[in-house]
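In the two assemblies presented below, chain A is common to both, partnered first by chain B and then by chain C.
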Partner chain A sequence: MRTGRSGSVPLLTPATAWFGLFFALPIAAMVVVSFWMVTDYKLVPTFTLANYTKLAQPLYLSIIVRTFAIATIVTILAALIGYPVAYYLARRLKRMRVFVLTLIVLPLWTSYLVRSFAWMLVLGTSGALNWFLQGIGVTDEPVRWFLYSEFAVIVALVHIYLPFFILPVFAVLDKLDHRLLEASSDLGAGPWTTFWTVTLPLSRPGISTGCLLVFIPAAGSYVSPELLGGPSVLMIGSVIAQQFGLVFEYAFGSALALTLMLGILVVALGLLRIGRVQGLK
Partner chain B sequence: MTIVTGKIEPMGTMAAEHGLIEIDRVRKSFGAHAAIDDVSLALGEGHFVTLLGPSGCGKTTLLRMIGGLETPDSGSIRIAGTPVASFSPIDRPTRMVFQSYALFPHMTVEKNVAYGLQRRRMPDAEIKTKVAAQLEVVGLSEKAKSYPSELSGGQQQRVALARALVTKPRVLLLDEPLAALDLKLRQRMQAELKSLQRSAAITFVYVTHDQHEALGLSDRVVVMEKGRVAQRGTPAEIYHRPANRYVAEFVGDISVLDGTVRGTADGGARIETAAGLFMASGPAVRPGDKVHAIIRPESVRVASGDDGTGANRLRATVGSATFRGADMLVEFRGPADIRIQTSIASTAPEAAAITPGHTVTLELPATALWIIPADRNANASESSL
Partner chain C sequence: MTRGHGIGTFTLAAWTALVVLFLLLPLFVIVAFSFNDSDFPSFPMRGLTLKWYWRFLESEELLIALWNSTLVAFATMVLATTFGTLAAIGLARSGSRTQKYMRPMLSTPMMTPRLVVGIALLNMFNLLSMQLSLLTVIVGHTVVAVPYVILVVTARLVGLDPRIEEAATDLGATRTRVIIDILLPLLRPAVFGSALIAFTLSFDEVVVTFFTTGTENTLPTTIWAMLRYGITPEINAVSTLTMIATVALALGAEVMIRNGGVHRR
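And then the complex of A and B:
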């Protein structure tokens, strides 16, 4: 083993170099910059904690809380909608499987931007949803909070990231040995008991991966909140973009980005822990 | 190994037994393929019953239908008088041991075994005692906290058995449970299964394609062919009095003499073959019937002396000999290219005389030469011998 390990070092060099150059180095730079100051739109290498104390201001604090709250809600909704879909696809559907899977993946081929714009057309005051609700007489006036609201952002993000939840859960459920379910039923369990004691615990790795794949981009999302949230629903992604692109506050922008990363890292570690099932190889 | 002469019913006596499991004209198809084609069987309580046949003969489908995992297209399966379909999952008197064991990978050995008891809403303390006792029986007490992935194949097999047995089923269904184990372990598990079955006094229905396993373990064997029952009986009946050539060949080696019945006697018949007249035993036949007379290698005797003209004797030349350790399998060629397989103990005095080309006299005892009807689908040249 020892010779094998030292022998693999040359092989790992390109990967390590790539990782160092394009991941470790930029992050290290961001960490350093986040403790610097910006004066006259220029970075000044003077150590300061100001960028981090600024984060504690109610304005930024509320944005951070909103970001993680929206990402959490989006993840939970994606799980609640995605799990039954994945279950149905993997365990019930036989013939139409490939077709339905294609339908699920198809939206991923269109631009993220297009999908966000599409929701504007659906949720706007003269959009499809209001037209429909007025048509059937549920409401006389267009509902205003459909668009430019947290509701709009959540709906769009769930729609955009749902396939990322469905696919890993589908993969796990598809591989699930049906004899385990038969064994459970043979031992006297009804379908619900079998689901709670066998199917669900064994789909945890897929659920965990799916949640990660939804939570991470949702927490860092930028385009959807910009287009659908309006000025009142700011998320960190937009603020970071502003710091770098609009007001040239690189140092504060770095501090924000690192905070976002750290928050995501904590959630990701938690999710990975949930996804680890003892006994599974 | 004595052959009972007298009036012989090749189908055995199982049909008359009181059946714990009664299978009545069951059919089951998967698409166009008839997996089970009109099977009726009665399996007695407390027996070790084996469903034997090659893959695709329907034995696993039949087992799964007994266990309620598959529903017959028509016909009925009753256990102790109650149709299988009308049992609730908890009341069902059968439990299945799957070929792949189907242990829950995310549960410890202990939890796997407790699973069935928990479904029966037993108090925790009682579950604990029963699980511990059952693990003791299968010798896995120290592995209680291990996960299935940490166990060897044989240990996983024991957990699967414990998980099923702890719920005290009346019938244990086993689907090729030893197929994944190596030879040594398989032999040991066979002995353990047999003693478990005896001590637990449970009816075992055991599916296998291995005739040695079937003959060695069972009280009753059901040989299946293409979704039908080819024969049922005790292992000795199946082996010594096969109902047809399919069964005869499936459970062991045979040599075949084709012939025509020339006269009948009590429990037997005189058969004219290319090698002369032979007395054989078997089911009732009529003069003129085309039959096969078959014999197992171990029943063929190498006679002393050169006289090939006596009763049930023929002269034959050694074709090939295969040394198998305890014995030698020798293939002789007789008149009209009749091939006779014989097994001769390696230590027997006549073994020394077995060299290719050597001619000896073989005796095919009338009690061991068994009559089966000629193959219906055999072509004319074969059956005219």
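And then the complex of A and C:
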């Protein structure tokens, strides 16, 4: 397969052309437009930093901070919830493994719109959770802050992206050389010491990939916060969408979108670094 | 199962069961409410009915949306599978330098929030004064789907024995012949599997569609618009149907990708 180098160019052409025309070019156009301005609902080519200085306004700063805070919380929760599951599947489960993995992957095949919407049914004042809590007598009145709150957005985002954390960690743990674990316990390490000093450090590439796959879509999410966050929980995605859908502020919207991408890029590079620092292999 | 576990297997199993419940229960709530004989989705449920499904079948708006979704998903599937498969083969045959830069580059749309993909396209179409339609939706969906196809087909290519290709070349097959007669049949399970992935990805996509469509709606954007006016029982029925359809396709893709191993021998 390493032969015939020259033959690869025509094979790569359609995908590369599509990528260039409909991904790289639009992003480049967005960079340009972010320095333009909008007058009378029309884009005016110029060079201004106004769209970026506008980002420093407290309103937008707080939205940016909230967005990255929510994405971070979602990522940490997904890691804490997902790691034991991946560990169990990879190290302890034998026969039912494919079945359980299928159950975990299954929700990924339903649309994120449907999965966000499902939480409206679960968390609402007359939803499943309140009905259950009232039924077992934990509360008399329906709990209101379940829905249209940061709580709702975080729960839904963890739900939607959790499989993306479990899968890469499972893949790494599954391939882990069990002789290393045996060596560790032969040398007198207890199960916890082995876990902290061998298993966990070796699963770092999986953890970093998993965090990446959760953090990126969570930071850029639009559907879940719109449906579940209510007016007080604005995330950057909703603000970007407004600029393009409602107020025709394409220039400011572009600046916001690029800020989001830049923020994501910084976090992604950091996570990749964490994943790569590894003595073995 | 060697000696001494830090945390008992039972604790881990119970935790895993809880997480699986957490992942699946919300979806069951939708299914349950889709049969609920009440205009308002609240517990406890009233009684069973199929009327929300009939409403769906009687709604011209939803049926047109279903047709649009299918059309877009089919076109996306054909384009993305073709481009992605060719690219995966091309990448596997190019030098390590090309691979080092091309692989991450071609996979960036997968790592970009869908919202950004959608508005970046909208912005460009707007600058070019291009008319938005289902065609522009297909363009956007294909951008998102190609990296997934490359990923799945590459996974299969890596497992192939390079000597098969070498043998064919030694026996005088041209490069095109090798691809058509040797590689594609060997890659068939991965290609079909990734085609189903591309189809469902497009069929379920909301955000890219929302920003790149003109006046036409697909099923997800119709649901999205309906949700703005509150939850209606029809949404539960439509969601249940799309879940069944996509999960059926998903299981098909799973079986195809996994059974790929059988032909390999």
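General remarks:
FYI, the second predicted complex is superposed on the first by the 256 of 281 C-alpha atoms of A that agree within 3 Å, B and C clash if a C-alpha of one lies under 4 Å from a C-alpha of the other, contacts with A are read in each partner's own complex, and residues count from 1 in each chain.
The working rule: a contact is a pair of C-beta atoms (placed from the backbone, for glycine too) under 8 Å apart; a residue touches a chain by one contact, two chains touch by 3 or more.
Just so it is clear, the model here is predicted, and its values are computed rather than measured.
In the superposed pair of complexes, A:198 makes contact with chain B only, with no contact to chain C. Residue contacts after overlaying the shared chain place A:56 against neither chain B nor chain C.
Between chain B and chain C, C touches the greater number of residues of chain A. When both complexes are overlaid on chain A, the residue A:254 reaches chain C alone and has no touch with chain B. When the two structures are aligned on the shared chain, A:220 is found in touch with chain C, with no touch to chain B.
When the two structures are aligned on the shared chain, A:182 is found in touch with chain B and with chain C. Legend: residue contacts after superposition of the two complexes on their common chain; A:190 is shown touching both chain B and chain C.
When both complexes are overlaid on chain A, the residue A:136 reaches neither chain B nor chain C.
Residues 182, 185, 190 of chain A lie at the contact with chain B in one complex and at the contact with chain C in the other.
Interface residues of chain A, counted against chain B in their complex, comprise 177, 179-180, 182-190, 193, 197-198, 201-202, 277-281. Looking at the complex, you find that chain C touches chain A at residues 1-7, 9, 12-13, 15-16, 19-20, 22-27, 29-30, 33, 40-44, 79, 82-84, 86-87, 89-95, 98, 102, 105-106, 108-109, 111-117, 119-124, 126-127, 139-140, 142-143, 146, 150, 157, 160, 162, 165-166, 169, 175, 200, 203-207, 211, 220, 223-224, 227, 231, 235-236, 239, 242-243, 246-247, 249-250, 254.
Listed in rising order, the residues of chain A touching chain C in the complex are 1-5, 7-12, 14-16, 18-19, 22-23, 25-27, 29-30, 33, 43, 81-82, 84-85, 87-89, 92-93, 100, 102-107, 109-115, 117-122, 124, 126-128, 131-132, 159, 162-163, 181-182, 185, 190-192, 194-195, 212, 216-217, 219-223, 227, 237, 240-241, 244-245, 250, 253-254, 257, 260-261, 264, 268. Those residues of chain B lying in contact with chain A across their complex are 67-69, 89-90, 92, 94-96, 98, 100, 102-108, 115-116, 119-120, 147-149, 163-164, 167.
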